[in-house]
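What follows is a set of structures to go through.
Look for chain A in each of the two complexes below; its partner is chain B in the first and chain C in the second.
Presenting the complex of A and B:
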């Protein structure tokens, strides 16, 4: 156990292996979610589980197709896999529809988030770095978007384009562009005068390099913290539109649509509404909680700087 | 009195003027919407069996064959004279229809806001005083759980509970206040509760954190040293300095309440703005959709002007410019 000996074993490994081992250990350390409360740890694990179940829904043994009847109409919940939440008015498994609905919702919301992040970060960087006209434009856009209820914006667009998964994704993608742009803009303005940016400029870095390689990495924690609550907002908006009948078109399972569908029979089969409600409330709760957790970590990090 | 109120009025005017670009952007976007329709807008609205005469008539009335900027100038000119166009099928003036519906929505939204504040602010004061206690933690968890309940879930659950199981409240419908005040109240309770699930939690959360921050201030310590009771300190020293933040949140929640009214009104069959916009979207009634967008933005601008005015009234140190 001499220091020399330890050193020998490390060098005996091929260098890339040692690198990998160290990276892996750092990854594990991060997986312990430092300073997370039990509810926060639960939320993170719930979201990981939800994504895995949604991604591998086709490989869950015994799970029936969400679009075909599998049993009695409106059968109450029982302890079989497909009957866990009961069956809907057409005899389809509600659990299966909740799971495939999760996949649909996650795909739409993730794609919309990517759209709004890419556009928002781009616009926000232009606004924060060059100020002037770009800043006024971005401010006007962000103010306008926040002055209207998200459901109304999408309804107005849907009134002319009609409903489909594609228009749903694109219109949801527009909603948060202003928010991401505003946060990026604020971040760029606060970072722009720091010494490391000055140093990069002194070394001859151009605008693109300063923005993308120097400033952007420092905005990652702040931006990451706002993603989960904004995604939760998109899930609620998407659910509201499906509930109102302007969301994902009918046969495809969606949480909002399932809740709307079960209200016709709710006085006779109140238990059948439990599944989709549980899914959407838990998902939104978990996303909000993870968002709070990340925001607190950003706060701690900022104070340490 | 007159001279002291003038700067406030001026500030209000400035804020309202600042909202004009937003208003212009939204109305122009709303006019340009019809260009997104597949094929010609008139054809899409009237359906595939429309005759050329019908299409020509619709184009003459609404100008869907003109470029967007011409349509916009025409709309803007009419709107400035108070003419927002006519509804597509019943040919009623949009402004008149909208005014009747807006009153219903405002009644519900206003009642929900008052109710939420009345529940959340005293609770938040009490919990800020015993922050970290068991009751405080329980309520904080309850608040974050309630924030995760979308309006379309609360309408279903609360109507199941109060009108199907308990049979206390009517499940659907609406009675105008001036026809039957008591009936109006009975129909108002469920929609207000549904909107308040989210609002109570939101106000509680913001207000509690704000009160807690105020409690850390030095002037609270000196008030305690003077021997005031905790209750007196909470109501007389903590409440007012914390109000600006609560006021901001009230302004922001207007947008939420209007968005929530779409769900609540369609579920309970209440003839308000939300219900109107849904049928307008179904009918491709673009004049109506546009008018509702204008109204929403106007409300937003007006509310935030009032919020700014409120800052100055609450805190004399805020300078009115």
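Presenting the complex of A and C:
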């Protein structure tokens, strides 16, 4: 009676090599993005590439400063690095601004996601585990948040606090708390009846241990699948705010701000708008595709369990 | 049997459990009284919905928060009914191990097997990481997992159902329990694995001297492996006593029909399987009559008018709650074992 299929092959090796083999195998399995379609694989690679380019923008050889004019204003695209998307109304490289804008956008959106996940998961676990009053409160909060247009909420907050990267991040972070709380709540309620939670309670685990050690790890797949689409939503919201002039203060590059800046010239220089729009569309598309991919993986897992 | 309170591990007295539901209050457990001596095995049998698992949950304090429980449960002299939740958790968690029905659902799919096995000991004894690892490996070895050291860091999905149940048993043993509760522990497994697991439980019990409760709807599990048996029907205890006495001369019509319903390999191939017609009683109403009366062949008007009480039906504390105890000895279980 052997417990698992991998058992025989690894025990034949000496212990340290068996360890190594298992580590490698797990690593390779992770690299393959199991059962991804070509578009999904492209989306994953695009996002990884985007993060790397944004992170190491300062080290890209030949990339000019996004805030200083680099050549003729409103020049059409050409086959040089800085001129790939052309130049904007002030002669700045659009490619450079798209890349530095990506950095800004990714930092804001990631930080906002961390804020809303932490708060949302905390509230959702309280609501789903203790039910009663906590659940009513969280439901009320989540429903209220989702019934108000996000841009309106942010405009209200930003008009009080003024526009800065920090307030922008915080306000975006508040937006999705309700959504994460609701998903976590549902997950906790469905997990709470399962035998492994009962078994943990039977052996004397307290509320904290049951929630954090038993239930939370089982929610990770579900939560992972909703993060990318919600991040995509934040990118759009952030873009809209910058477009309206309530986003990242100029002259720092931002995708929404670039679109806003080029609308005056759009009838004469339609190509100006091309770079930032392409960046937003591709990123949002990739995030949603990755979200679908993860959701499908979660589904497969659930059925196997 | 003379009462020996110093050896009584579990003592349940007049336990009632009511659960409010939208349709009214459900009477899930009615007037259950049971005792289990240290080192002995008690089998709890009954069909689905008889209240077996609810009884276990009531003992372990895992019943719904809405449930209303009355009566008394004493564990090794301590009254655990009405005890603050945290204290009860510490007391029972450190001394009672539970193995549930479905090993796949009972293991956390996202945690390695080893830490799950040692979890109870980590919670109650605060042992170090290395000690926990050693303990988990020794327990895995003890329940017959080959190559336990390398299994420590695997995930549950890498094991078969029988292996997972062994792992569950290992985790229940981590605190060296005084009482092991197997709640249909073998129901989800195939027959040969069932036997292995039951043998394992018996060996472990002999080694450790712990008391054991076997909850099952399989009479074959109870017949050869328990000292005492309690038959439940409709949330009530209808018969209790030494296993041999109950099987040889059942004192309740339901028990007799239950034993008769066990299929035998010796029976002619075209013989129809015996069943008990009808459905278990509706538990919405607190009934004042014998709960089995509507399905009972021997029922008389008396049965639907007065509730039979547990009365002596033989030697050694054999008791049954039946107005018309069966006279004919039930068929023996030899064929079913």
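Miscellaneous remarks
FYI, the second predicted complex is superposed on the first by the 283 of 305 C-alpha atoms of A that agree within 3 Å, B and C clash if a C-alpha of one lies under 4 Å from a C-alpha of the other, contacts with A are read in each partner's own complex, and residues count from 1 in each chain.
Convention: contacts are C-beta pairs under 8 Å (C-beta built on N, C-alpha and C of every residue); 3 or more make two chains touch, one makes a residue touch a chain.
All values derive from a computational prediction rather than experimental measurement.
Legend: residue contacts after superposition of the two complexes on their common chain; A:140 is shown touching chain B, with no touch to chain C.
When the two structures are aligned on the shared chain, A:90 is found in touch with neither chain B nor chain C. When the two complexes are overlaid on their common chain A, residue A:209 makes contact with chain C while staying clear of chain B. In the superposition on chain A, contact is made by A:217 with chain C only, not with chain B. Contact with neither chain B nor chain C is seen for A:81 once the two complexes are overlaid on the shared chain.
A count of residues in chain A touched by chain B and by chain C gives the higher number to B. When the shared chain is aligned, no partner comes close enough to touch A:60: not chain B, not chain C. After overlaying the two complexes on the shared chain, residue contacts for A:194 are found with chain C alone; chain B is out of touch.
When the two complexes are overlaid on their common chain A, residue A:45 makes contact with neither chain B nor chain C.
Once the two complexes are overlaid on chain A, none of the chain A residues touched by chain B in the first is touched by chain C in the second. Per the touch definition, chain C reaches chain A in the complex via residues 60, 62, 86, 89-90, 92-94, 96-98, 100-102, 104-111, 119-120, 123-124, 145-147, 150-151, 154, 157-160, 162-163, 168, 171-172, 174-175.
Contacts from chain A toward chain B in the complex involve residues 39, 140-141, 143-144, 146-152, 155-162, 232, 236, 239-240, 243-244, 246, 256, 259-260, 263, 266-267, 270, 273, 277, 280-282, 284-285, 288-289, 292. If you check the complex, the residues on chain A that touch chain C are 1-7, 10-11, 18, 194-196, 198-206, 209, 213-214, 217-218, 220, 304-305. Taken in their complex, chain B has these residues touching chain A: 21-22, 25-26, 30, 33-34, 36-38, 41, 44, 141, 144-145, 147-153, 156-157, 160, 164, 255-256, 258-259, 262-263, 266-267, 277-278, 280-281, 284, 286, 289, 292-293, 296-297, 300-301.
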